[in-house]
Amino acid sequence: MNAPISRYPVPDLKDLPADIRERIVAVQEKAGFVPNVFLALAHRPAELRAFLAYHDALLLKEDSGLKDQAASGHGLTKGEREMIIVATSGANQCLYCVVAHGAILRVYEKKPLIADQVAVNHRKADITPRQRAMLDFALKVTRASHEVGDADFEALRAHGFSDEDIWDIAGITAFFGLSNRMANVMSLRPNDEFYLMGRVPREKGKA
Amino acid sequence: MNAPISRYPVPDLKDLPADIRERIVAVQEKAGFVPNVFLALAHRPAELRAFLAYHDALLLKEDSGLKDQAASGHGLTKGEREMIIVATSGANQCLYCVVAHGAILRVYEKKPLIADQVAVNHRKADITPRQRAMLDFALKVTRASHEVGDADFEALRAHGFSDEDIWDIAGITAFFGLSNRMANVMSLRPNDEFYLMGRVPREKGKA
Amino acid sequence: MNAPISRYPVPDLKDLPADIRERIVAVQEKAGFVPNVFLALAHRPAELRAFLAYHDALLLKEDSGLKDQAASGHGLTKGEREMIIVATSGANQCLYCVVAHGAILRVYEKKPLIADQVAVNHRKADITPRQRAMLDFALKVTRASHEVGDADFEALRAHGFSDEDIWDIAGITAFFGLSNRMANVMSLRPNDEFYLMGRVPREKGKA
Amino acid sequence: MNAPISRYPVPDLKDLPADIRERIVAVQEKAGFVPNVFLALAHRPAELRAFLAYHDALLLKEDSGLKDQAASGHGLTKGEREMIIVATSGANQCLYCVVAHGAILRVYEKKPLIADQVAVNHRKADITPRQRAMLDFALKVTRASHEVGDADFEALRAHGFSDEDIWDIAGITAFFGLSNRMANVMSLRPNDEFYLMGRVPREKGKA
Amino acid sequence: MNAPISRYPVPDLKDLPADIRERIVAVQEKAGFVPNVFLALAHRPAELRAFLAYHDALLLKEDSGLKDQAASGHGLTKGEREMIIVATSGANQCLYCVVAHGAILRVYEKKPLIADQVAVNHRKADITPRQRAMLDFALKVTRASHEVGDADFEALRAHGFSDEDIWDIAGITAFFGLSNRMANVMSLRPNDEFYLMGRVPREKGKA
Amino acid sequence: MNAPISRYPVPDLKDLPADIRERIVAVQEKAGFVPNVFLALAHRPAELRAFLAYHDALLLKEDSGLKDQAASGHGLTKGEREMIIVATSGANQCLYCVVAHGAILRVYEKKPLIADQVAVNHRKADITPRQRAMLDFALKVTRASHEVGDADFEALRAHGFSDEDIWDIAGITAFFGLSNRMANVMSLRPNDEFYLMGRVPREKGKA
């Protein structure tokens, strides 16, 4: 009755390469369901592997392997990273990312209202001035990255962001700009589960 | 004298993880120089690895590992893939990608004029109507992916593109949208070598 | 801790003129709380009275008093009217209207997912082609009413809309364009209750 | 020969409810003709009543009935209110409102050139810096009300506007944004009389 | 009291080169006053000479001197040329050109309402479908000339425009795009006389 | 095989009026070929004459004949004038002007990389802060000349530009805005020679 999860063929879990299947099963065990983006992108396993590697590099932030990397100290919280995703996906009008990452944002921040606020108009959200500046920059990267310059870096540094943090903001914005475009083209449908997640006191899933 | 290749620290080849160093050396041997994007992104090895994996999945198109993948038959030529990169990078005003991929486009197509044409206004370029439709779509994905719908798929199918080809167009557009944003934020400087490559009859490099 | 409900002074119920107080009390009894828009606009009672009269004329649609008024037959359902509000308020990035009318939309349509879909990108929503055309038009009225012309009327008539229905779509769009601007300027804060309303099976409030 | 005054049926005065007929007759006696907006909107008497009530609340500014309302002291002059209407209606490309309120603006300000100036480009108009700031804000509310914030309030206060004045500017802008959209959708035709009114020394009508 | 006619020094007639002085005197004798554009641009006589030569080539349309020039047969009327100027100057928000050429348009067409209609929204003007198509094209050339293509030529030919007529439309649009930009930068002030010209039955000036 | 140089008939040199033929021959002797713009615009000799006169007044800058003209002292270099043309033609997506004037820019500045930099994103070009400010202003004149005001003049004066220099920047921008629109409408094709000119050490042509 509802629209399919993607315009493109969606593979069965059992037909997928083992590494991908294992990753998906792990997510399923943690979340209680398989987010549709995994299945839809699994139509192209090589792209999905790269997608997940990029995602993990930006959002899980493990050791990069580079010796002299400047440790960014505090950096962005997990919740702040999701704010970036939700705000820029709202600007790109990507239903999947707003709904799915809105859910994760609510869970991480334990704030049931924040995702809708950030998606519709981050200027009216219950966030700090530092987070407001972070999202202002993310939206500029989304809409006019060619105009980014020294003044933008200064403005963020004034809020305590390191240059590595700024890379993170830009990287997350750029990566989800990719994700938004793919989701929009394939009409990726958010799982029904995401819509309610994190909105009611006791969320069984992530939290 | 000129601007540095990136706002961010650029690692020395010798300090890089072995896999990345090897990849870079291989490119250097083929092209005669190291494209700056490798060095600039190597500041974050995990991201660079994912970036290259995504790049290769879209532009080298090896077997994806998925059993029932629909073979796209003919698909996009290497030159057409570069046209997409140049046209969308022009729209995003990304100097690095227009210059570097403009060079590759000239080499692949053996047409010294085509990159400038596609970067400035693809409607005036010496390309086929099929390629024109391909770039019209790529620019729509760049600027308004939320408006992409069935009519866009129909228009491309009328030019002989399969749905897998359309995924390729969207994927290349989305991936270089990421690349454009990162390059713009870090002020990634194109190597001087790219500007002339493919413009004169005997190009030593790629061709 | 949270932002106030309006930049402007918010009157106490007891200080309000009797007619306004009665209206607000009636709403409170039905909904279980007083939507903030009533209190915030009550800072200017004469404007609030006109606002409510306009709202009721468009959304309650009682007899207009004009003898020869063409009865529009079927017309727009209550849910469709709320779709218009949510889609255009999303385009105008009005947090209050997206959240408050998103709640009402969910309740009317008994579809917990629909409000987020319509607010982010109505093209991806679980709605009929007729409703899609209705929202396409509403968004054109929102963004470029000066370009509305005969072709727009033809397109809507092809979906069975009467000219009176088209007036309704335009009127609701125009009225909430007013509402969006006022809410944005005064930073009108949605009541917390709206965010969850209509998302869980048994909604105590409206339904 | 000319276009009709509205796409929609226009009622005869005699068929209208008494209250509306009386209001229209009163306007006719004062102005010498019936502005078309009255007749066109009278197709929906309930909406017209609300429209007029809103109009009067903003433009006639009688006692609001709210006890502790902050008297705005000086506030906006009648001419300034019309400037807002003309500038924002120009931005929305609403022929009726530019022409009709342009006439009223000329009459109120006794300046035959001002309406054309404000409609085309208020930055070049013979107005004060305070009025320039007022129109800058009104145009921001017209085009990007979601971006309005504290800085806009500060800028206006620096010109002596009270917060109540700012509400007035926003309210007039928002209300005529509604009016512009309805007029554009119904192709509301300005009365010929408006075009010349206030342009020649002795204006018989309003002045 | 009013703003000066230009940000730049305005030469005295007597200090101007003879050819320019003669041209200006001739205009003055015909119109009854010297349009400010002559005096303001006379700050740079060589540019003014070229400006007038271009203007005359497009608007007076004398023999071009080219042997095989395709005679365009009927072509654009003088009034239609002024419509193009008024519509595109409205889009570029150039006060001088809207007011001055609005006056000429009224005089040529003997229609006192037409200039305001075309300046605010040509879709609502009392013009023919052919003229509507002409202005649609002129506005596309104004805003997005890079998107002009075969389909635009076809649409105009369907209304009986020859390719030479289309050049005329584009040429007038392009030339007044230049004029609009110069007038906006120098804050060129329209002569007071223009505002009323052609609005009242007996126009002494041009007609 | 390639597209023709213009949609419109292109006259033979021998059929052109003597003055135009002589000018073209002179250019040909200097450059080694006839730039297509001469032949394409020669379809309308009177317009071409005015075009060249305007071009020469702005770019050759001979004595204007006005007695009290303020000598601008230093003014813009020839290379800077070409930067303006390339940057604004890039914004207008005019292939001919970007390619032809990009060539001239490279030759004048003796910098083989500069034209591509300025055309794609002048913010990333190897230019001085003064030149950056000059191009920021030129792009504002291109896209929103109605918003130009005192603050723009102040910003340029702070970089040492005189008001006459500002006129030059605006004039060149406005004139090539005309040129861009005509070239786009007629699909003016750049000569193949331009693409390589100034990119290799020993340029035979202009330098």
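Think of it as A, B, C, D, E and F in the order they're written, each chain with its own count starting at 1.
FYI, contacts are C-beta pairs under 8 Å (C-beta built on N, C-alpha and C of every residue); 3 or more make two chains touch, one makes a residue touch a chain.
Worth saying up front: this structure is predicted, and the values here are computed from it rather than measured.
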{"item": "Shared interface partners, meaning chains that touch chain A and chain E", "value": "B, C, D, F"}
{"item": "Distance between chain centroids, defined by C-alpha means - chain C, chain F (Å)", "value": "52"}
{"item": "Where chain D and chain F are represented by their mean Cα positions, the distance between them in whole Å", "value": "45"}
{"item": "Rounded Å distance, chain C centre to chain D centre (Cα mean)", "value": "24"}
{"item": "Averaged-CA centre spacing for the pair chain E and chain D, given as whole angstrom", "value": "30"}
{"item": "Where chain D touches two or more other chains at once, by residue number", "value": "93-94, 121, 146, 184"}
{"item": "Those chain pairs that satisfy the touch definition", "value": "A-B, A-C, A-D, A-F, B-C, B-E, B-F, C-D, C-E, D-E, D-F, E-F"}
{"item": "Complex contacts: residues of chain C adjacent to chain A", "value": "2-3, 90, 93-95, 98-99, 102, 112-113, 116-117, 119-121, 124, 126, 184, 187, 189, 192, 195-196, 199-200"}
{"item": "Residues of chain D defined as touching chain F within the complex", "value": "121, 123"}
{"item": "Chain C contact footprint on chain B (complex, rising order)", "value": "146-147, 149"}
{"item": "In the complex with chain F, residue positions of chain E that touch it", "value": "7-9, 11, 15-17, 42-47, 49-51, 53-54, 56-58, 62, 64-70, 92-94, 141-142, 145-146, 148, 153, 163, 166-167, 170-171, 173-175, 177-182, 184-186"}
